[in-house]
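Chain IDs A, B, C and D follow the sequence of writing; residue 1 opens each chain.
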Amino acid sequence: MWAKILYAFLTLIGGIAYGLLLGGISRKITARMQNRRGPTVWQNFIDLWKLFRKKTAISHGVMFYLAPMFRLVGGAGTFLLVPVVVGSPYLSNFSFGGDLIVLMYFMVLGCLGMALGAAESGHPHAPIGVTRGLSQMAGYELPFILSVIVLMVADKTATLEGIVRAQQGGILHWHLFTHPFAAAAAFISLLGMMTSYPFQVVLAPQEIAVGPPTEYSSTFLSYMFSGRSVFAVAKYLLFMNLFLGGASNLLWAFVKTFAIFLWPLFITNVFPRLRLEQSVLFFWTWPTFLGLVDLLRIYLVR
Amino acid sequence: MAFFVSSILLILIGLYAVLVKRNIMKIVIGLSLMDTGVNLLIISLGFIRGRTAPIINTRDLLVNTSSKVVDPLPQALVLTAIVIGVAVTAVALSIVMLMYSKKKTLEIDEYKELKW
Amino acid sequence: MRKWFALALLIVLGFFLAEIASSFPFGQEKWGVSKHYVDRGIEENRGANLVTSIVVNYRGFDTLGEVTVLFLAATALAFLLSTCRCRRKYRRWDASLILKTASETLYPLLILFGAYIFIHGHLTPGGGFQGGTVIASAVMLMLLSYFSFHPNHRALSTTEGLAGLAFVLIGFAGLVWGGSFLANNILPLGQWNRLFSAGVIPLIYVAVGFKVGAELSGLITDMLKATKEEE
Amino acid sequence: MVNPILIIGITLGSAFLIGIVQAFRPRWTGWIFYPTLVFDFLASAVNLYGFLSGSIGKPIMVKIGGFPPPVGINLLVGKAEAALGTLIFAVALLGAYHWGRRGFPQPQGKIMVLFLLLALGAAGISFTGDFFNLFVFVEITSIASYGLVASSRREEALEAAFKYMVVGSISSTFILLGVVFLYKATGSLNMLDIGGKIAGGFSSQVLGLISLLILAGLLVELEVFPINGWALDIYQGADPVVVALLAGAAVKAFYLVYLKTASYLALPSFFKLSLIFGGGTYLVSQFFAWRQENARRLLGYSSVGQLGLLILAGGLLLSPSLPASSRAMVLAAVVLLILNHSFSKSSLFLLADNVKGEKLEDWKGVLSSSPVFRFSFTTSVFSVAGLPPFPGFWAKLLLVMAAARFSPWLVALILAGALAEVVYYFRFFYLVSLGDKKAEVGNNLLAPLVASLFLVGAVPLAYKMAADKLSLTLPGGVLVLLGLSLLVYLLGFSRLLQWLASLGLVAYGAYLLLPFLKADLSGFFLGLILAGAAVLLLATYPGAKNLSSSFYPAYLVVVFSMAGLVLSTTWFSLFVFWEIMSWASFLLINMGRGKKAAWIYAVLSAAGAYAMLGGISLLPSPYISSVKSPGPWLALLLSLGFLVKMATVPLHIWARDAYGESPDDFTPLLSGIMSKMGVFGSALVFLYVVINLSSRSSFNYLLGWAGVLTAFFMTLLAVFQEDLKKLLAYSSVAQVGYILLGLALFTPLGWTAALYHTVNHFFFKGLLFVAAAGIVYRVGTSYLPHMGGLIRRMPLTFFASLLAVIALAGVPPLSGFAGKWLLYTALIEKGWIFIAVVAFLASTLAFLYSFKILHAVFLGQLQEENCEVREVPIPVAVVEIILLIPLVVLGAFPRLILDPITRVLGKVTALGIPDLKYTKTLGVVSRLGHWNALFLMVFFAGAFILALIFFALTSARVKLVGQMDVGYSGEVPRSPEDLHFGYGMYDHFRRAVKWLIYPLATRVWRGIYEALGAVAEMGRRIYTGDTNTYAAYVIGISLLILLIFKG
């Protein structure tokens, strides 16, 4: 048990680091695409360290104070509930804690806590960002749920392990290929989840100054930052397990998550931004339609 | 038979006034006519051809009376009916008088405040 | 339109009434319960006038109701017109000398005649109602003749009330001494076709006569008074 | 035994005497008038008692003049006649007293004579055994009525009297002609004699026509549609006291004699005649009253309608094919209806006498004018509308049950009329309870009070009659508790005492009902009710609140009727308690700000309840647990009432305002427990009614969609709601939608989810509503944009609300997640995947309003006017803490509830127990997945605390700054208001889903209501007010009767 916790802790550190690195890579790639040099890929580590070492931190109240903890624990918890390598006694983390349903709800916890803390700051941009984020979530959740349910019904299981096991036996057994429409829907909704362009109105750095965490600084922000990074990694892992057949070892996990990471990155740099209602309606039409196609297929076949 | 026909006609004439006439007094008169018709009808129902009135004031009427007199019961009933008709007419007239004293008109169209 | 509609309705109604009436052939013998009245009326009541026997005794309760109806009408009329300001032109002078003289002569005679009718109600055609009406017509005659003629209102009310009470009390006397309300066995029935016969029937008819006379007189007076302009 | 002739003779004598006394000493007339009425009343009552106690065995026959029946006139007084006489003189006494206090019009002796003779005529009509004598009494009654109707000498009164006179003359002409023809045909005038002849085979080809002539005349007097325009005019135009006597007493005599005549003359078509005219009158009048703006005319329509119902019941009695047991039911119903209508309508008309003006608007605010007025009005309206526990309710129950044997359409007709009645009576009630200022009201209230007390007193009698006929047994303990609850009203002088008494009573109730707390469905819900009520009651601590003195009694009635409901073993009993609960809660909602909301609630509740009653009447067996398979339509009918309480789409339109504007202290009960009664009811329907497998799946699927759409749409609407309580209302309804969905699944797992959520929803929604009550109490508003930043002023409430919201959103590790997990697992297992998608989406949307609740109330900027707000009162805080604990404990140990639920489901044989295993590492394991609650809780809490400690140790110096101290692009905000984002928080999202939140249901329902109202208004125009027309109607309809029914 203690060994497991230790491994989990190590994985977590690795996850955070990986997340920060991916963030750096994305900044670099974006810069290159825009014909800039861009910061180094290690810039996020530098920022984090700088924030962590600040002398004073400004707080607006209890909830504000607790929110970074919510964020970090929420992100880390999500990460730990997703098996990195299915079947491995150590790298499957705490996936015994719950199945896919548990995971999907647990993901919200960190966001909710962060949102509340941000809202207590008294800065109007924070709740504006939060409401945008929540609304967008209502948008992308529909296609995502559709595809998740497709998988659950198809595999007759709600556990990630079960879903991964169902994809074993060659690349063509990946859900990406067995349920292409559902996968397409899920990957489109991933764009919304990552709040990348064109669904970036949630953060909108130009007008509402990154929205929710706008009042956060110093150590608080460093916590948030790491929580966010590991949360992103958790999502990549989740998608890997759902559609790309999981990972049989750590290397595959790196490769597959990196591939997933690239998908929003490429989209984000070639699209303008949508207004919120446009995003929501977009999510509720095309990707939903795709998801429904597979759902109907499953329903009729069953 | 003519009694039946004429008394029914009287009832119908009275009712015609009630249905068609726009003057309150005429409606009351119609009701009165109708009463009269009814009374006549009742009386004629009790009549038996060739019989005398049911008043036994001679000795020969005392024996075998039922073959000599008409049916007295409708006559008794009609007495009551007449009196009741009079009473209704009296009350009707007093209401009409009051109505007239309020609005100074007997046109029924003026008395349509209560409706729907 | 409205007339034609009314006519149509009435024709159908007439048809129905005719259908019912024509099922009872006119003038033919058909006895129901009244055979009992005709056959045993004399024996049971001694009243020569069978109609009176029925009105006052066999169906005396109807008559009590009838008296009540009249009383009600008089009361309602008096009540409603008691505050009526039914201003209308009404002559303020007496009628012509001829009418006055004739009225003065006829007045006592009419009253006497009325009394005769109701006293002999059980013997001859007529009875309390008829007699009362004759009396009221005498009063009406006087009202038409003399502007200042006013029957005593209290006297009328008292007569009316007492007569009504008398009817009820006779009924109760029957209940107490005769076994049932309005029973005609508390007084000797006497001999057929005599003035003093038929038990309580003449008494009741006298009361009815008084009552109807007073009521109708009051009725006419009230109506007439209501139309008189106030000074 | 008192000889009935004494009543008639003495009354007549007194009338004549009054005539004399009036001429000399007008003031003394009262000394004859009142004693006579008292004597009449007592004499009739003695006879009635004789009949009831059995000391008078057979009907009293009075032979007038000593002649045997066919020869002389006779009075025949049986039980019915004695009862009616008592009723007539009782109403007359009330009216006389009332009129005397107000002052009779002068000359008073005359009016007393008319009054006395009207009562006497009515009594005579019912006593007499002779047709011609009947005619005489009809005339006495009519002429007295003409005089009395005109007695106020107002123009309207005179007009009404004139119309009545014309129509009445025609009707009595018909009666007279009929009677004389009858004599000619049968040779007799005596009712018994003629009846015997006809029963003995006498026949004549015109006998039918003759009988119909008499009946048509009586039907005119009975005010059947459409020949009742004159009657409505009387109700509107005449003196209310006169109307009370006419509607309360005289008409009932006509009704009795109608029944007697019809049964003596015994034509096979009579029952159809009565059914058609009675039913038509009933339905049409109740419907025509919808948009009536004149209070008296509205009451008139109601009277006419009630009379129609009586005639309809009479039709049932006359029907040859009615089984004997149903006949007894109808008889009891008729007795109760007459009793109910006479006293309630007298009370209402006498109350109307105290209100200036006749328009409904003039009644605004009268309820707050005096407690006596309020009591009498409420009682009378409740009883005339047929609501429990008054006699009208039991009558309706009996009538419906008997009619069900006859035809389901008749049941539908009766219930439709009853619903229409609720619609306009409660529109009236709602208008009357509007208005802040007290209306000026006369103080002549004793007579209406006595009448309504009489109604209250008649409750046990009515209950006993209905219980005998229906073999209905209600749990005695609950009845005792309900009675005690009403007694709490007597402590009205002190709210604190009432509160303490209520707590005591709930404790006593728990003690009394302890044996029923078994591990079955009833026990499960009973436990929830009792424990929940005790906790929520604690939070209603009155303090300085402005609670109505009837708050606590009504509250307790709701609680105990719920207890009775779940303990019911028959559908009757369930329906009775259901209605009690509905109407007590209506009163409570009406005490709040939303009077109109209460009205809509009343209407929909009634619609649901009557649908349920209709369903019950068609069930083959009244026992709940006897399994029936009547098919999906009946099941739907039965569940409509439950669906209304659960506010399932599209029956949800009442919920927002009823929850939002009900008294803050009641809303927790309404949401936390009362809505669960719908859950309980539908559970019964699912379990015991739809047994047929093929129909079950479609029925369940339908309700499943209803549940999930409720969840979805209500959640969506909650997102855009700007009022705290209304937001919570939508949320509550949405959650109940999930519960319905779980039940509809009809799998062990689905039911586990539903029952778990039922309990859990009570915890978090009870907490939220209690907290909301506390907040509203402190802040003084429920409008979200006026709040914000309250975390600084009420940290405890924030913390409690935070946990409740987390549970509400279903986020682990708190208790709410279990319900979601079970539900989704069950949904996917069952294969309802489309529903699952919508359910998922709905619960995602719930995050939107969850954030809104916490942000708009507690976070953001504290408004200036709220700077001095204190933490919620201590009792509220205590309740918050009590309700907080299970949220956390269940989050870690869901088995604390899952195990009892499994045991309960084990009792429910149709379902079996859920396919769940429990292991140490995986936690709860279903066939689909697993979820380790304890691990999640420990993991989350551990990690959180660890992170916190680490943070506290490593972080820099934390500086707390003021709320306005934010980085705001260099601008300097002047007030917290500038910085608060609390209004239109989801406007952007609203633009995306505009098309989804179009208030379709509200518009459709309102459209239906208004279309029906418009039709009613058009239909009412047949009452043109024209005398000729009314006369034509009378003749036309009589002819129609002759034409159609002579065969």
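Basically, a contact is a pair of C-beta atoms (placed from the backbone, for glycine too) under 8 Å apart; a residue touches a chain by one contact, two chains touch by 3 or more.
Please read all numbers here as calculations on a predicted model, not as lab measurements.
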{"item": "Of B-D and A-D, whichever chain pair has more C-beta contact pairs", "value": "A-D"}
{"item": "Whole-Å gap between the CA centroids of subunit A and subunit D", "value": "53"}
{"item": "Inter-chain centre distance, subunit A versus subunit C - centres from mean C-alpha coordinates, in Å", "value": "107"}
{"item": "Subunit B and subunit C, separation of their C-alpha mean positions in angstrom", "value": "15"}
{"item": "Subunit D, residues touching no fewer than two other chains", "value": "132, 136, 139, 143, 146-147, 150, 153, 177, 181, 183-184, 1028, 1032, 1035"}
{"item": "Multi-partner residues of subunit C (each touching 2 or more other chains)", "value": "2, 6, 9-10, 13, 17, 21, 24, 30-34, 37, 59, 62, 65-66, 69, 72-73, 76, 80"}
{"item": "Per-residue multi-chain contacts in subunit A, two or more chains", "value": "none"}
{"item": "Chains touching one another, given as label pairs in label order", "value": "A-D, B-C, B-D, C-D"}
{"item": "Subunit D residues touching subunit C - in the complex, by the definition given at the top", "value": "3, 5, 9, 12-13, 15-17, 19-20, 22-24, 62-67, 70-73, 105-107, 110-111, 113-114, 117, 124, 132-133, 136-137, 139-140, 143-144, 146-147, 150-151, 153, 177, 181, 183-190, 193, 204-206, 209-210, 213, 1028, 1032, 1035-1036, 1038-1039, 1042-1043"}
{"item": "Residue ranges of subunit B touching subunit C (in the complex, touch as defined)", "value": "1, 3-5, 8-9, 11-12, 15-16, 19-20, 41, 44-45, 47-49, 53-57, 62, 65-66, 69, 71-73, 75-77, 79-80, 82-84, 86-88, 90-91, 93-95, 97-98, 100-101"}
{"item": "Subunit D-facing residues of subunit A, complex", "value": "52, 54-63, 65-66, 68-70, 72-73, 76-77, 80, 94, 96-102, 105-106, 108-109, 112, 115-116, 119-124, 127-128, 130-132, 134-135, 137-139, 141-142, 145-146, 149, 152-153, 156-159, 162, 214-215, 218-220, 223, 275-278, 280-281, 284, 295, 298-299, 302"}
{"item": "Subunit B partner contacts - residues on subunit D that touch it in the complex", "value": "132, 136, 139, 142-143, 146-147, 150, 153, 155-156, 158-163, 165-166, 169-170, 173, 176-177, 180-181, 183-184, 229, 232-233, 236-237, 1017, 1020-1021, 1023-1028, 1031-1032, 1035"}
{"item": "Subunit A-touching residues of subunit D, taken from the complex the two chains share", "value": "789, 791-792, 795, 798, 802, 806, 809-812, 817, 820-821, 824-825, 828, 831, 833-834, 836-837, 840-841, 844-845, 847-848, 850-852, 854-855, 859-861, 921-923, 928-932, 935-936, 939-940, 943-944, 947-948, 951, 954-961, 963-968, 976, 979-981, 985-986, 988-989, 991-993"}
